[in-house]
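What follows is a pair of complexes built around chain A, which joins chain B in one and chain C in the other.
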Partner chain A sequence: MKVNPYALKRNITGYLFIAPQLFFFIVFLVYPIFEGIRLSLFKISYQETTFVGLDNYKALFSDPVFVKSTINTVIFVVAIVALTVIFAIFVSSAIFDKNAKYVSFIRGSYYIPVMVSMVVMSMIWSFLLNPANGLIPYVMRELEMPAVNFLGNKDLVLPVIIFVTFATNVGQAIILYIASMIGVPRELFEAAEIDGASRKDVIFKILIPLVKPTTLYIIIINIIAVLKIFVVIQLLTGGGPNNASTTLMYFLYNNAFKYNQLGIASAVGVIMFVIALFLAIPQLRSMLKKE
Partner chain B sequence: MFKRKNKRKLEKFDLIANALVIFFALLSLFPLFWLITSSFKNSAAVVKMPPDWIPKTFNYGNYIDVFSNQPAFRWAINSIIVSLVSTVALVIVSSLAAYAFSKLEFKGRNLIFIIFISSLMIPKEVMIVPLYRVVQDLGMVNSLNGMIWPNVATAFGVFLLKGFFDSIPDSLRESARMDGASELRTFFKIMLPIVKPGIGALFILFFVQVWNDYLWQLVIGQEEHVKTLNVGIATLMQDLNPNFAYKMAGATVAAIPMLVIFIVFQRYFTSGITIGAEKG
Partner chain C sequence: MLRKRLLIVLGFALVLFILGACSEEGSSSEGTTDSTEPSDTTESSEESSKEKVEISLWLTPQWKGVLDSSEDGADYDSFFNHAAEKFAAQYEEYDVTVNVEVIAAEQRDEMLNVNLNGGTPPDIFYESVFAMGDYAHRGALVPLNDIVDDEAKSDIASNYWDTVTFGDDIYFYPFSHMPGTLVYNSDMFKDAGLEDYVGGEEEIKTWELDEFETILNTLKEDVPTDKYSNAYPMGLYALNNQGDTWNLAYLRMFGNEFFDENGQIILGDENGAEAAAWLKDIYDSGLTNPGAESVSSNDVNAMFQNQQLGISFTNSVLYNNTLAAMESGDAPEFDARLANIPSESGDPLTFTYVTGSAVFDTGDETRIKVSKDFVKFYSSDPELVKASKNGVPVRSSVAEEFKDENPLFAAYDENAQYMFSFTGNVPGYNELRQVLYPELQALYTGGKTPEQVVEDYQAKGNEVIESSKEDSVIYSE
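Let's turn to the complex of A and B:
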């Protein structure tokens, strides 16, 4: 085969440009994925590493804490994503065609908690909800509602975490929806108005269908974000009471860094990896189609 | 927009919706208001009910305690180093790669790009055990290096910047090359200045993302002197000190840098965040 020296040089130039990024990508992302799959087949202790096949996976599926973690993670994903999409559509559709200063004020108010981070927001909420001296239990006492311990009650702890996570992160979805709604051609609304459509009709029949690609994007990024939900669990409940609020990521972390069960933790990671990959397929397909 | 044109009064539905939106917006700011006011109270006032909505006396002591009882200043410096170095490194390697994927032709380009983009949706946290072992083998546990370099693996930068390079006409590069400029020179002198807005958006978004990336920094930085601000402040939560005002002062210290960044760079956030959605 004849080697075209020009093509060869072109190839080498291309590889040199991507080499640095590729290096980090392989060392810190691709290799750990394969290493994670390998580790999940081993029992790992300080002294030795023994091949155990699929035993780690079998152990997981008969571990009630793992099952609870999985169920909780699914509940969180479904509830938080649904709340986020509905609320973000509500806010954005109400304000997108208003004065720019107003839009920017509302957008900023909802986005600031996102910026300030889950760590700080979790600390504030833990203070607000504190049964002894928090503001929320005080307000409830004043309103003569029954005293409840939000974070210590196994039926209340999930809704509280769902609310806190939703309230902290919804700002991102709002920014995305506003941008997308501002981009909808104005003539569409004007035509509908001339036909006598009410604002409700405009929102439900024109706006929401037209921003569907944004909705898909928001759903995917939020699923992935909630799948790894960790900070709020660690800082608000520690997975309690009695594992009522544990999640896959929290379970993985404890196994890896508290109980030193690296094989088990790797298996949890592989399961989460498969879930993420599976959920990401529709988004990936649409992203790649655009290329 | 279309409302103003038709000079029609706001519909009732719209009015109620906006009233609710404003109400919830204020509600969503309330925790931060509570955080900042609480941080200035003394240990008795902070748990007093009914509360003083505005602290009666401004007590800076909590902040002095945070910085004197804890190496909070060190933590803040660590957070700045980790976020800044990660971001600068990512901007450099990903702009080179995004340019290559957009403008250069080489074998396997599309396949490698597809693999890159596919990794975007995988949270790196799920691979935390093998990643920890890699960092351990490199001797970077309990060091800022261990927190920094794995961040540069993400395809986020390539994803965000490639669109900017795509929008530059090929003729620009060809004419530069014809004038005898090397590929690297063309990249630095002609291409990079054009994609500046993209780099700005990537810089600010990734800086904040790394700053708030708690779990990885928690796992790698166990010793006091390498903790980052968020990790260090979170340990205050478990502190036996029952003074909530002190803890809220710590949380405020962690919150302030991000608030400032948001206020100064708001424009970049709006544009940067929406790029992903437009491409998706």
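Let's turn to the complex of A and C:
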């Protein structure tokens, strides 16, 4: 590529203005990515660092807990993102054209859990679900219903975590959808009404296609957020029972901070980075594609 | 054109300013973490003749107050703050400031690993030795041989020194120890008609295994539900590694020795499987709290304090804290007494946590020296070592002094003959702890049979021990 000196001279002011931000971006985001890739090829102890090539990756793929956490993470991503998008579209399309005060009320109600810290939410859920002294098992016992351990049953623990995370996150998507749907030109709805379109047609043929950029954005940010799911796992289940609810981020955390296996943890980080890229690129491409 | 030049110059100035600010910040923060250079202080302030040194001391919650939890404003850091003041007042070489920080026990390894990798470990850590042994194996601690004198060696029995010695060197200065036992609600026992099984107030009651089973079954059937709603006979937990020593003890109930002479786990035999099957059996029969797989030891302890459990786990400090909470009105008052973990042979199972101080290798000779001097000071000062009565003193002189005030000291002493070493002094013990609870979860949820559980634990545990041996500084010496 030939550098055009004139263009460079003309744009240098702009580059200088973004330079400070670029500097921090490189130091705090780009450099750690490369450092993470480098560390994933080493075995690191307090006293020395030894190059081991791809041994960390080999160890990971033969570790059943890692495989389990990868599968769990994929289940979480697919289930939570799908639930969030479907439920948010359902709520927003039902209310976006109603009275402004009503819309604000609904929006506010769904948004409150988003404002509460995930730690607080997890503690509340833990108080509700704790099998020994939690509220829900207590009520169930009092009603003489069969004892169910929501956090200790390996078939139930994933749906419970999916529900908890979904309930906490969905407010964000609803806010974005309502804003986007309010922005859809009124004439389109009026024209559809004159043509005799039903509410269902309006939603599926006008509303959803027109808010597609919002849908893509919500999908991307949720995929990335759910890939990093950690707090709920740490506080509600500790990855249990018997690693049934462990995720990649939790696995990474355990290796990095509990077992002090920095090389292995970096390798997990690299794999997560690749998965995120792999999942986000098609979305980004279709988002950036010119109509 | 001029305007453009001006913008360029301004842009450069901005970048330089930011870079300059960063490097200044870097150098100033270095100044605060390291001890200040002698030349700096002598030049800048001639009045203060002593060089300033700042060290940090971390501890996990132990006892509250300087000597006693009944003191005003008693907290977990009271003792070390008091000791630091006293130390600074008499220390001649440096002007010392000690920053005391209390760390949640379940966060210890996270905090230490992050700070070790970042090059900012604390100078001193006060904790149970079993949880810190790995750091000695990893070469993160400095030996304390030079601060242990003959007086200390004669006052503290040799088995405590054995616990804190790794290879040839002493890595922890022992302060007190906390024997682990069971605790039971004797009021609940009496209400269920179990008077015959209640021991004395100053006794650690030993039950035979079949007596223990009778107690659990009677508690299940006969505890009056109007007085103790939602109560269970015994506390059982496996959410994480907290309180896992009791789980390890339960696994020895049928005679398994746990480690062989080479430091390998041997739980996978018949005795081990029998113990696991016994745990599964009492859990399935409703003799314990439900959901053990997702209940933590903290939950169990809270349930016991709320009279929702007949029998729970405790150690000497936890027991004192429970009694203190009752006395201060923070917890409902009832008669809590101690009992041993029973075994099939009839001999009780007992263990102790020796607690003491370790000094981290921060690379700063001055700080290491001051830290060692401080550790020696509070671990040997005749007044300060009295605080070890909150656990059980490792010093015979202190135990002797307080034996009338705390008659349980004699009971703990009596128990010592049944003591087993739960760590086996193996390297990688911290990671080994992470292997046990998932297996117990699999046991309680029915994911694995008792035989599979002990076999898988043995296989995974021995793998951890093997790989940790390779990295151990002490083994490689």
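Convention: the second predicted complex is superposed on the first by the 254 of 291 C-alpha atoms of A that agree within 3 Å, B and C clash if a C-alpha of one lies under 4 Å from a C-alpha of the other, contacts with A are read in each partner's own complex, and residues count from 1 in each chain.
Just so we're on the same page, contacts are C-beta pairs under 8 Å (C-beta built on N, C-alpha and C of every residue); 3 or more make two chains touch, one makes a residue touch a chain.
Predicted model only: the values in this text are computed from it and were never measured.
S.K.: Thinking of the overlay built on chain A, is A:231 touched by chain B (first), by chain C (second), by both, or by neither?
M.R.: first
S.K.: Just to be sure I read the superposition right, which of the two partners does A:36 touch: chain B = first, chain C = second, or both, or neither?
M.R.: first
S.K.: Is A:20 touching the first partner chain B, the second partner chain C, both, or neither of them?
M.R.: Both chain B and chain C are touched by A:20.
S.K.: Examine A:257 and indicate which partner it touches, taking first as chain B and second as chain C; both and neither are also allowed.
M.R.: So A:257 meets both chain B and chain C here.
S.K.: Give one of first, second, both or neither to describe whether A:149 is in contact with chain B, with chain C, with both, or with none.
M.R.: A:149: touches chain C, not chain B.
S.K.: Return first, second, both or neither, reflecting whether A:46 touches chain B, chain C, both chains, or no partner chain.
M.R.: The answer is second: A:46 touches chain C but not chain B.
S.K.: On the A-aligned overlay, A:184 touches which partner chain: chain B = first, chain C = second, or both, or neither?
M.R.: So A:184 meets neither chain B nor chain C here.
S.K.: Now for A:138: first (chain B), second (chain C), both, or neither, which partner does it touch?
M.R.: Both partners, chain B and chain C.
S.K.: Applying the touch criterion given at the start, work out whether A:158 contacts chain B, chain C, both or neither, answering first, second, both or neither.
M.R.: So A:158 meets neither chain B nor chain C here.
S.K.: For chain A, which residues lie in the overlap of the chain B contacts and the chain C contacts?
M.R.: On chain A, the residues that contact chain B in one structure and chain C in the other are 12-13, 17, 20, 130, 132-133, 138, 256-257, 262.
S.K.: Which residues, counting only chain A, touch chain C once they are in their complex?
M.R.: 12-13, 16-17, 19-20, 23, 45-47, 130-133, 137-138, 141, 147, 149, 151-154, 237-243, 254, 256-260, 262
S.K.: Tell me, which parts of chain B touch chain A in their complex?
M.R.: It is residues 1-3, 5-6, 11, 13-14, 17-18, 20-22, 24-26, 28-29, 31-32, 34-35, 38, 46-47, 49-51, 92-94, 96-97, 99-101, 104-107, 109-110, 112-114, 116-134, 149-150, 152-155, 157-158, 183, 187, 208, 211-212, 214-215, 219, 230, 233-234, 236-237, 244, 247-248, 250-251, 254-255, 258-259, 261-262, 266, 269-270, 273-274, 276-277, 279-280 of chain B that touch chain A.
S.K.: Under the stated contact criterion, what part of chain C meets chain A in this complex?
M.R.: Contact set of chain C toward chain A: 4, 7-8, 11-12, 14-15, 18-19, 109-110, 113-114, 116-117, 138-140, 230, 232, 238-240, 289-295, 299-300, 302-303, 306, 308, 430-431, 434, 437-439, 441-442, 444-445, 447-448, 471, 473.
S.K.: Which residues, counting only chain A, touch chain B once they are in their complex?
M.R.: Listed in rising order, the residues of chain A that touch chain B are 10-15, 17-18, 20-22, 24-25, 27-33, 35-36, 39, 90-91, 93-95, 97-98, 104-113, 115-121, 123-128, 130, 132-133, 135, 138, 142, 167, 171-172, 175-176, 179-180, 186, 189-190, 193, 198-200, 213-214, 216-218, 220-221, 224-225, 227-228, 230-231, 234-235, 249, 252-253, 256-257, 262, 265-266, 269-270, 272-273, 276-277, 279-280, 283-284, 286-288, 290-291.
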